[in-house]
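Provided herewith is a single structure, encoded as structure tokens, for subsequent inquiry.
As written, the chain order gives the labels A, B, C and D, with residue 1 at the start of each chain.
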Amino acid sequence: MEPVIPIIILALPLTMFLVLGLFGHKMSHPLAGVLGTAGMGVTMVLAYITAFTYFFSGNPEFIDADAHTRLQSIIFNVDWLAFTDSLVLRLGFLLDPISALLLVVITTISFMVHLYSNGYMRDHHGVWEKGFQRFYAFLSLFSFSMLGLVVATNIFQMYIFWELVGASSYLLIGFYYTKPSAVSASKKAFIVTRFADLGFLLGILVLSAYTGTFNFTDFTSTEVAEGVYRVSEGTAEGIRAMIQNSAAPMFMGASVLTWALVLIFMGGMGKSAMMPLHIWLPDAMEGPTPVSALIHAATMVVAGVYLVARLFPLYLMEEAALNIIVVVGALTALYAAMVACTQIDIKRVLAFSTISQIAFMMVSLGVARPEFHHGLGYMASMFHLFTHAMFKALLFLCAGALIHAIGSNDYTAMHGLRKHMPITHITFLIGCLAIAGIIPFAGFFSKDEILTATMGHSMLWYVWMSLVAGLTAFYMFRLYYLIFWWKEHKVPEGHHAPHDQPWTMTLPLVILAVVSCFAGFVPFGNLVTWNGEEMFDSVSFFTNFKALDWSVASISLAVAVVAILIATAMYKKENPLPAKMKNALPALWRWCHHRFYWDELYMFITHKIIFGCISKPIAWFDRHIVDGTMDGIAYVVQRSSYAIRSLQSGNIQRYVWVYLIGALLLGAVTAICLM
Amino acid sequence: MEITMLYYLIPSLIMFCCGVYGFITRRNMIAILISLELMLNSVDINFAVFNRFLFPGELEGMFFTLFAIGIAAAETALAIAIIINVFRVSEKIDVRDVNKMKF
Amino acid sequence: MESVGSIIVYVVIALALVVCSVLAVTTRKILRAATYLLFSLFATAALYFKLDYEFLGAVQIAVYAGGIVVLFVFSILLTSHPGDNSAKLASKKRLYGLAGGLAMLIVAGYSLISRASFLTATASGDNPVMEEIGMKLMGSGHGEYLLPFEAISVLLLACIIGGVVIARKR
Amino acid sequence: MFSNILIYFVIIPLLMLAGFALCRNDKQIRAVAVIGSTILIAMSVWLLVDYLALRQAGETAEMLFTGSWEWFGPLNICLAVGVDGVSIAMILLSSIIVFAGSFASWKIDDARHFFMWLLLLSTGVFGFFISIDLFTMFMFYEVALIPMYLLIGVWGTGRKEYSAMKLTLMLMGGSAFLMLSLIGIYYHSAPEGGQLTWNILEIAKNDAISQGWQYFLFPMCFVGFGVLGAMFPFHTWSPDGHACAPTAVSMLHAGVLMKLGGYGCFRVAMYLMPQAANDLAWIFLILTGISVVYGAFSACVQTDLKYINAYSSVSHCGMVLFAILMINTTAMTGAIMQMLSHGLMTALFFALIGMIYGRTHTRDIRLMGGLMKIMPFLGVGYVIAGMASLGLPGLSGFVAEMTIFVGSFEAGMKDFLAGAGSLRLVFTVIACASIVITAVYILRVVGKLLFGPVQDEHHLQLTDATWWERLSVITLVVSVAAIGCFPNFFESLIKFTFSPELFRAIGL
């Protein structure tokens, strides 16, 4: 494939960022909006072309038609920084099933958000939000970074863009920079993910120090032609041998490879908000809602999943690392689902739901094994990534519409909005049905496959994850009813009633709702698998439907329906049931409501321990002990100079005395010596 | 009796010791200067004496004395100018009072 | 063997030298001190004559006795009132000074006398002729003193300027 | 002598000095400063191009543009000059910062004398970087240090006398050690009784200094330069000194002068005494490792903008020395990159702090807030500087730090696998941790200073940057971004210096 289109895909958002960032303040608001949106639109079209070419052209660069195996293809790879002869940091474009998939997801959601923001970043009177151009510049920067991340050809390139998405996320969360809560949320997000990135970096260092390479293809694949690779465990076995043959394969009881993979996964935990590094994501909702939809629901937060998927053949070699992923994922999923049941802020509910859903993807990756249905978990994870991006972005954009209309994040200010905002109502409902896993919406298929894969791995985690799936349905419908039903909405005197939004906002909602309805039918098994092999011989619209394992599907469907029914009973009409339940389990409710006090714990660690017990004493030590020593030396010198100063009194008669005594002594000594 | 070198050196030594005594004990700056002259003078004598008794053929000692006298004259003139100046400022020529420029 | 006259002259000169020196530092009247200094300078000049350094003696009288002492007297007259006595010295201070001076005298005198054998040389040689002195002062060869001569002239010039600058009224 | 381009790096500042003396008003002074520093930049670019062309043509000598003119025969002191990639990088850095510094001090009081001292300082800096004769190098080193005293003492703010005195005395203390070791090197530069020499290249070529003497001279030399490189525990001059210095001086000091320390450690201590460096590295690794983390932690709780930056400099400069001590090509390349990067971004920081201080008249972050709204240009500049400092890809900090980490980790791994202890490895991990702490203090400042509500309503009347301030900031930002975006160019420029023969004694 000619590198022109891929280069434009990366260059266009960057150019948009530079243009809007440097000259945006001189542009009119609509121009900046149109420019940004159009740029993203072009990028989206190009990404579609690329993905379409990759998946369906049958080009031998991309697919080994005989073996029905999709290949990895390096479109271009430019040396950027040569650390040593072998450790070279390159910037390139790797096209393979998951990067093609992510290209589509990112550009789609990003375009929707660009479009949507044209309406959202303006109040009811059409007054533009201050810094509107800046907003589009940052969005473009983010899109650039995220695209660079997913097409990375080597782990260091990924790290570079990983940092860049972190920074653009920081800028976007802190978009309302005069709001202290937004500032502290952005700071928190950056620092927590930075901490995770430390692990990522160390993992990269360990891995590269042993293997002498950064390239993904060297880790996971064998080369079949110039620039074309095929994922296989064989290469990975070679790496394992390399590591085991080196002199120190073990470190603190675990193999070096395990260490490297766990450290890299730590980076993924940070970005993907896995417990215990999840605390930044709920706060990140301080950013504008479109940003939450783009970054904190659909794209950046799945980077961790993407990272694990990218290195999946390596992870396959270390059972321990995969088990850690499963445990972390499962705990996070349950935790986030429980917390989501008690939150008041609708964006926070969605944030916790995002955490929970990403944890689903992680678990799915962790349980994936090649011997079970060609690595079904891997496929399911990517599938869920795709569908989740669509319906979660939809939900966030709906939430944005609600917030835009009401001016509050709180569902207590909403209640019974279904009549005022019908389009939002319908699209939100579709999103809820999709995430709850109701057939035939998108979430049903992907979640069902995750559960199937989990069951193939272990019954315990299957039951666990099914429970979480039920909780998911429950809290989403709780939210849905509390926003749109519960009791009638009363419009305060002097306010006009909330209403649906302009077309720029409605259109993305409708598009995403449609996608959420039908995304489940995409035959993912033939497009994205861990080693590129196609799962099905032939595909049709109903491939996924036919491939369902009904024993799992029916159970999960039943769980979802029951959960929805409970939610309906509790929240459809104003009634005392929720309060009763809250009183029945006060401790649990309190812990959930306060998110299990993780924030307080972190506050304690950062403020009390790091600032109070490390930084302050160090600063004190520096000022008083280290600097005090230096000052002390100066003081001693000064004092002794004062002490001997009187010798140099300027009294010439005293000098003569000293001279005389000296001369006499000298004379006496001479005399004695000569005697 | 032969008047040897020793006979010249002894008075010169006494003169020098007088100068030392005066320099140490006096407070009047002019008196200190006078003591200084005494010491200088005794040294001059020594130069001349050594020249005459030890190296009668040469004139180094004499010239040294000659130059010493010239320098002493210059030094005295300057010292007195300073003393008068100090006196003009402080109305005193006690050496203990002249410590404004110390440190 | 010296002639008796020569010995007498020597004794007179030496006595004058010693006595006037002692008086110059012990008298409490500053003007008297200057006078005693004058006498001891005269005695020194006499000593030079005795040693056959006539030119030196003449310079001593002209520059020292004539020039410097006059300066002293003027400055004394400028800075003190007639009849002023310097404050009586504290006996402690005088004692210390005396001890110091005497100690110096003893040590140096002892080392002189203990070298007496070396110091028994007798005077010889003639009074240098003026012409020789002049040639030596103006020559630049070995044992000739043009450079110091010029240096001292510069010094004197500097001294004149310095004196004028320092003493000038503001 | 005058056919050698390097000489002009000393001559032009001196000519500028003379020019300032002749100027009659501030306008002319500024004109001289701008023209002179532009010429310096142009010359360093020219030098760079020339150098690369020569290298391209297959020139393999360690130093190019060499020349040596005897200065004091009996001690064989020469004015010997020569440059390699590292020196050129440093010269480029210095000229950029002098340029930016001239604009940053556009409206300084008593401009004539200020610029004269500043240019004297630059003369020393340039002289230091072009010299390959130890004595001349030391002389220029001192020339660079002394004007600092006056610049801080006269044009500074706050406790300027104290700070100036402390800074000068501590650096002089360091240079006393340095001088001892340089003289020691001189007297051991010809073990077989040949002509003693001060010339670095000759000493290195002969591998002259015996191992026993290396053990004695290396620590002195490293500490001597380390004081200027703000090595723990000799760094305390830096916070006070920077806090009190005027803007351009802070820029030049943190940007260039502190690099003299790192450069000297590399060029003299490591280059001439590699065996001792290898064997004694552990002592200084511990000290510099502490510097890195310690500086970062200290910066977390400071409230004065300049203190924060000074401590962050301690951390970053610690990283430079730390990487040099790894004795690994990659890490050393990273160290030089870090010098470049830190020089530029810290100069940017100090320029911005100076500009902010000039408006708000306070540097206490608790008394400021929301400045982004009031002075967006300076705010954006500050955020960019902060991002460079915490290692955002695309800006210089990332490139330098990553090169250091990769190199150090490699060195540490080599040690570890060879059973030579895990000190390097452990300290590499500790140094890596500094990227998190850096993020903490940078974001803390950015959050408090630029974001949030406006703290003081008097600040609402303040204006944004003037054109000369913008020029100064833009110059630095562009340089920072250039290194961050095209690192391979700089890496390959620097890397050639680390020819394997250089450290053959220890088998690098």
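Here are a few things to note about the model shown:
To be clear about the criterion, a residue touches a chain if its C-beta (ideal position, glycine included) is under 8 Å from a C-beta of that chain, and two chains touch if they have at least 3 such contacts.
Keep in mind the model is a prediction, meaning the values are calculated, not measured.
A comparison of the B-C and A-B interfaces places the larger number of contacting C-beta pairs at B-C. Chain geometry summary: the mean Cα position of chain C and that of chain D are 66 Å apart. One inter-chain figure worth recording: chain B and chain D are separated by 61 Å, centre to centre, where each centre is the mean of the chain's CA atoms. The centroid of the Cα atoms in chain B and the matching centroid in chain C are 6 Å apart.
Centre-to-centre spacing of chain A and chain B amounts to 95 Å, using the average Cα coordinate of each chain.
Chain contacts: chain D has no residue touching two or more partner chains. For chain A, the set of residues that touch two or more other chains comprises 657, 660.
In chain B, 20, 24 are the positions where the chain touches two or more neighbouring chains simultaneously.
Pairwise, the chains that touch each other are A-B, A-C, A-D, B-C. Contact residues on chain A toward chain D in their complex (touch as defined above): 79-84, 87, 89, 156, 160-161, 163-164, 167, 170, 174, 177-180, 183-184, 186-187, 190-191, 194-195, 197-198, 201-202, 205-206, 208-210, 246-248, 610-611, 614-616, 618-619, 622, 626-627, 629-631, 634. Note for the complex: chain C touches chain A at residues 100, 103-104, 107-108, 110-111, 114. Within the complex formed with chain C, the residues of chain B that make contact are 1-22, 24-28, 30-31, 33-35, 37-38, 41, 44-45, 48-49, 52-54, 56-60, 62-63, 65-67, 69-78, 80-85, 87, 93.
On the side of chain A, the complex with chain B involves touching residues 645, 649-653, 656-657, 660.
Chain contact summary for the complex, chain D toward chain A: residues 166, 169-170, 232-233, 235-237, 240, 294, 297-298, 300-302, 329-330, 370, 372-373, 387, 390-394, 398-399, 402-403, 405-407, 409-410, 413, 416-417, 428-429, 432-433, 435-436, 439-440, 443-444, 447, 450-453, 487-488, 491-492.
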